[in-house]
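Have a look at this one.
The letters A, B, C, D and E name the chains in turn, as written, and every chain counts its residues from 1.
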Amino acid sequence: MQARGQGLFKGMWLTLKTLFQKPPTVMYPTEKETPVPRARGVIALDPEACTVCMLCARECPDWCIYIEGHKEEQPPSKEGGRVRTRATLDRFDIDYALCMYCGICVEVCPFDALFWSPEYEYSEMKISGMLHDKGRLTDWLETVPDPPALEA
Amino acid sequence: MSEYFDQYLTVLAFGAFGAVLVAGLLGLASLIRPSNPTPAKLETYESGIDPIGGGYSQTHIRYYVFALLFLIFDVEAVFIFPWALKLESLGAFALWEMFIFIGILLMGLLYTIRKGVLKWE
Amino acid sequence: MSQTLDPRAAAHVSEVAVSVELQTPGMTINLGPQHPSTHGVLRLVAELDGERVVNVEPVIGYMHRGYEKLSEVRTYPQITALVNRIDWVSGFANEIPLMVAVERLMEIEVPARAQAIRLILTELARISNHLVFLSSYPLELGASTPLMHALREREHVLELIEGVTGGRFHPNFNRIGGVKPAAGGGSTQKKLAQDLPQGFLSETAAAMDRMLAICDDMDTLVTGNEIFQARTKGVAVVPPDLALAYGVSGPNLRASGVAFDLREHEDYLPYDKYEFDVVTGENGDCFDRYQVRLEEVRQAARIVSQAIADVPSGPLQAKVPRVIKVPKGETYVRAENPKGEMGYYIVSDGGRIPYRLKIRSASFSNLSILPWALKGLLVPDIIALLGSLDFVLGDVDR
Amino acid sequence: MIPLVAVEINFYLLLVLKILAITGVMLGGSLPIIFGELKISAHMQSRVGPYYAGGRWGWAQPMADGLKFFQKEDLVPAAADRQVYKLAPYLLMVSTLAVFVIIPFSPDLIAADLDLGIFFALAISSLSTLGVLMAGWSSGNKYSLIGGLRAAAQIIAYELPLVLAVIGVVIQAGTLSMVGIVEAQIDMGVPFLIGGQAVAFVIFFIASLAELNRTPFDLPIAESELVMGYLTEYSGFRFTTFFLAEYAGVVAISAIASTLFLGGYGFWGLDSALFGPFVLAAKVGILAFLMIWIRWTWPRMREDQLQTLAWKWLIPISLANIMVTAIFKVVF
Amino acid sequence: MRSGISVTTNPPEESETPSEVSTEAEAAEVSGFPDATALAERVAELAGADSWSADFGNAKVRIDQSRWVEAITDVRDGAGLHFFSFLSAVDWSNEVAVGEPLEETVEERYEILVRLSSARNNDAVTLSTDISKTDPRLPTLVGVFGGANWHEREASEMFGIEFEGHPNLSNLYLTDEFEGHPLRKSYPLLSREIKPWPGMVDVEDMPSTENTEGAAAAAVDASETEDES
């Protein structure tokens, strides 16, 4: 058992030591932290890969993905082949005000059209601004990092 | 004698200036600050809920006991000051006298503690 | 059915009539919902005699999100995303009992590597949770520096969790049958399984050293502080039998001297492979509740250190059907969450959606002891007790 | 500062100059301490603290805060006792400013070297109790009421050790005059802290923490219990007045403690007339740092523990200190 | 990866379970849950109940409503189950306003669940009783377990069950003005009623020729998801 009052001064010694240490603060707007590659910042869309299968919109627990598409006829790939139809994406909106960043949509996408990007600077002044459309989601595609190397 | 009063005039002036300072700054602030009191703003804060009962409620009698205790001891302390000033010239006799005085004080303190005044039951 | 569609039903009107006598001679005071020390939106209606509490009525429900109802319209994978928001300071740990319960019903065996990863992350969540407690508790008692010191170190833990799962608070990393699999099948990002990223093990080892160091710092800064001891020792003693009858669990129960740790008794995760001590208190006062948690950080660091030394290799996922349908049946799986016993009672009728999911959260029961425990305390002791119970309103209200 | 040389200056002109100078000292003392509190606390907590206001290190943060409060709406709650509510900050400021009257910055640099000196300071500083009590009562808020009563109870409990600790100094110096006390220490060669009044200094320091409502005695504004105590309902510049008075109080009490126990403006080998104000400022800085340091390290005490500490420990010890000092004074 | 599934058949019926201890032990080996048969049997005896089960490691004993309080007291003292885990209810209903209806018809009732456990080992048991929907009332457990207070209040407001003798059966989460009992199956979930399901939008057929496997799986999944709305 230590002497009475000793604990008070041990604590003061610790805070004094901390006073002369460099704080670990990252001065945000000027300096930026790099999020880990897997960080779930925002969902990026590769519209070329999307086949409008609606799977993500259906599996979304929050119902925050809105997709519209139409069918287009495509010329046959081979001469004399049959005419193929292809679904074209018209609208792909994610309401980030509703999204809870669970990543189910990214996981269920069978065509690799959705990706996580660690990008996080997309706050908006109005809640309606959080509804991000296809163009904006596509823009994030280039911020998608390579996946991290794995532990052996 | 005039110098003596001058000194307290200084004190008075300082006190008065303190009041003027507050009044002046508040007055200055009132020129810039908005003033738009609404009933909601003027409501008493009680963790964001309408207060239950009034704010002027019954409070602990314990505080009263402390005030009383303080009063007694503070007056005693005032008596010690002149003694402390003149101790050197008064000598050992005053010392004994004060020992008796402080002894009585300490006994009084002991009594209040034994009476359980400091226990918060 | 139609009368329930009243729009008022959705809105929460603040004037909850409270079952206290208003015409008491003493003072009746609201502590909360907007109060610095109620950890969110808890409201205590306290009848005071001076500064002594005569009677107290906790009012909860400000954070009620109806997860049990929401679970009845969601598939099991979707519920995973919900449950890590119940107790948001230890999100990962919330997922485990649900996963284990579903796996138990589906009779899936989780691969050893997935189990080890689950265990490591659960213990990291425990450390993170307890560091929040260690930081906020001295703050309640007026010392704000431990807050920053503990949060500084917690950041390392959160970074580890984020590095693996992608989420700091809401990992949503568990999947039925294991942990998050590689999604899709085409691109480079998705080809790789969501296994532990490179450097995780060494970083974790380093972080655990820091955790032990911050525990020592806490001892210096808080535990040894005489004022802290005076404020907590002998304050708000919860006797063990009462704690059991109220369902108080976790560190709060152990502080009362009951050496009951589900990690020892239940086999939801392979804790039997690792060595650790079940920490108990002696008196069941605020100081013991604090001390138990501080010691549990050390024990958790010990478990993690053992676990990262030998992570079994193998798959991350058991073979599970594409569409998850849970066979008909009922089960209850509980786990030792940082806050206490967290459990899910699943009633499945064989479909993709649970027929009923009862969420047994630790904080709800821990908090239910308040009206009993607060009687006769001083106002500052209310805060000392509230802080020492370490509850999160999301965990109380669900 | 104005050198108070023997040249006949009109008394009233001098008075105005004195008032301006002391106001300058009060602000010039408080603002650095506020800034110091922000910065020191930040670094003790591994933070950076204010960073942008005023450029380097955010030195202008206290001023920026003041300006912000200047343009904030000033609300008087409907339930409040308006007159009392409005009067409270005045009392606080008046008492704080009046204490500065007797602080000696050098042998001649003192607004009024009252013969009652320290006794006056103790008396007038008690006026702030009244201000706090008025603020707490008049707000019509339960947190404020409890806070105000706590403040009153603790200030009166610690007023006694404060006064009794001073008596030791008075016995040793044989005078109540502040200049006289400093001169006595200079004559003795060592400050009273070393020369016999160490116990009294500790008691005085503890009691002054309580008088200033600073941790570990910050129960009246205990934010985790009482939101903001007696300040809960105050807003805008009225709140700033309390805030300013608190830090001016830190300056004043530190200056008094320096004068009584640390030798005031005197320092070995330094000319008091020239360096006095700087020596005093350094001593005030050290004491203020100590207060900040304690505040950001220790938790808060409980009301009954605080009262027990005062009545069971500090008062008997300070009475014993008086007796011991008196014996030494008479015998040696 | 997701094709070969190792889902075993459904566990045996409740009444058959006791006799098929060997099956139970096998299952325990596979899924790693403890065998609760012995405990369930012991508790059933203590509670004077005839029906019990131990599926999936969940020892469940059905108690008659008339013996509710005394049976639980007996179980607490007799089996040393002093830890009160939770009390809740299940609304067995054939018509549901939310979620999926039951596959087979059940008897309309509320089932009250109480989970008790030991504080020394992993003994834990679920005690249940059925109460009628027309007059849902049950004596309170507050006298047996102090913690039942809040749990019963919760069950009372969520299911509309009256706990007789409860000291204060007021709403715990909801306002006093709130009408209805949200966890009843007949209570609709507003958020899902007012917003159309985004997945409902008519989509073109899958280009199944291009990506057979994934698309087929997706199509199956999509069709099943639609049931939900």
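Going forward, a residue touches a chain if its C-beta (ideal position, glycine included) is under 8 Å from a C-beta of that chain, and two chains touch if they have at least 3 such contacts.
Values in this document were obtained by computation on a predicted structure and should not be read as measured data.
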Intersection of the contact lists for subunit A and subunit D: C
Neighbouring chains shared between subunit B and subunit C, ordered by label: D
Quick check: more C-beta contact pairs in B-D or A-E? B-D
Need the central chain here, defined by C-alpha centroid distance to the all-chain C-alpha centroid. C
Per the C-alpha centroid definition, the whole-Å distance linking subunit A and subunit E comes out as 36
When centres are defined as mean Cα positions, the distance from subunit A to subunit B in whole Å is 60
Using mean CA coordinates as chain centres, what's the subunit C-subunit E distance in Å? 22
Residues of subunit A that touch two or more other chains: which are they? 8, 11, 14-15, 18, 24, 59, 108, 110-111
Multi-partner residues of subunit E (each touching 2 or more other chains): 214, 217, 221
Would you mind listing the residues of subunit B that make contact with two or more other chains? 46-47, 51, 57, 59-60, 62-63, 120
Between which chains is there touch? A-C, A-D, A-E, B-C, B-D, C-D, C-E
Given the complex, residues on subunit E that touch subunit A span 195, 197-199, 201, 203-207, 209-211, 214-215, 217-219, 221-222, 225-226
Where on subunit D is subunit B touching in the complex? 11, 15, 18-19, 22-23, 69-79, 89-90, 93-98, 100-101, 111-115, 119-120, 124, 137, 139-146, 149, 152-153, 156-157, 159-160, 163-164, 167, 170-171, 174-176, 227, 232-233, 236-238, 241, 303-304, 307-308, 311-312, 315-316, 319, 322-323, 326-327, 329-330
Where on subunit C is subunit E touching in the complex? 1, 3-6, 8-10, 12-13, 15-17, 19, 60-61, 64, 66, 68-70, 72-73, 75, 103-109, 181, 185, 241-242, 244-249, 253, 258, 260, 262, 265-267, 317-323, 327-332, 334, 341, 343, 345, 347, 349-353, 355-356, 358, 360, 364-365, 368-369, 372, 397
Can you list the subunit B residues touching subunit C in their complex? 46-53, 57-63, 120
Subunit C - residues contacting subunit A, complex: 74-75, 77-78, 80-82, 85, 145, 149, 152, 155, 159, 162-167, 170, 172, 180-181, 183-190, 192-201, 217, 220-227, 229, 311
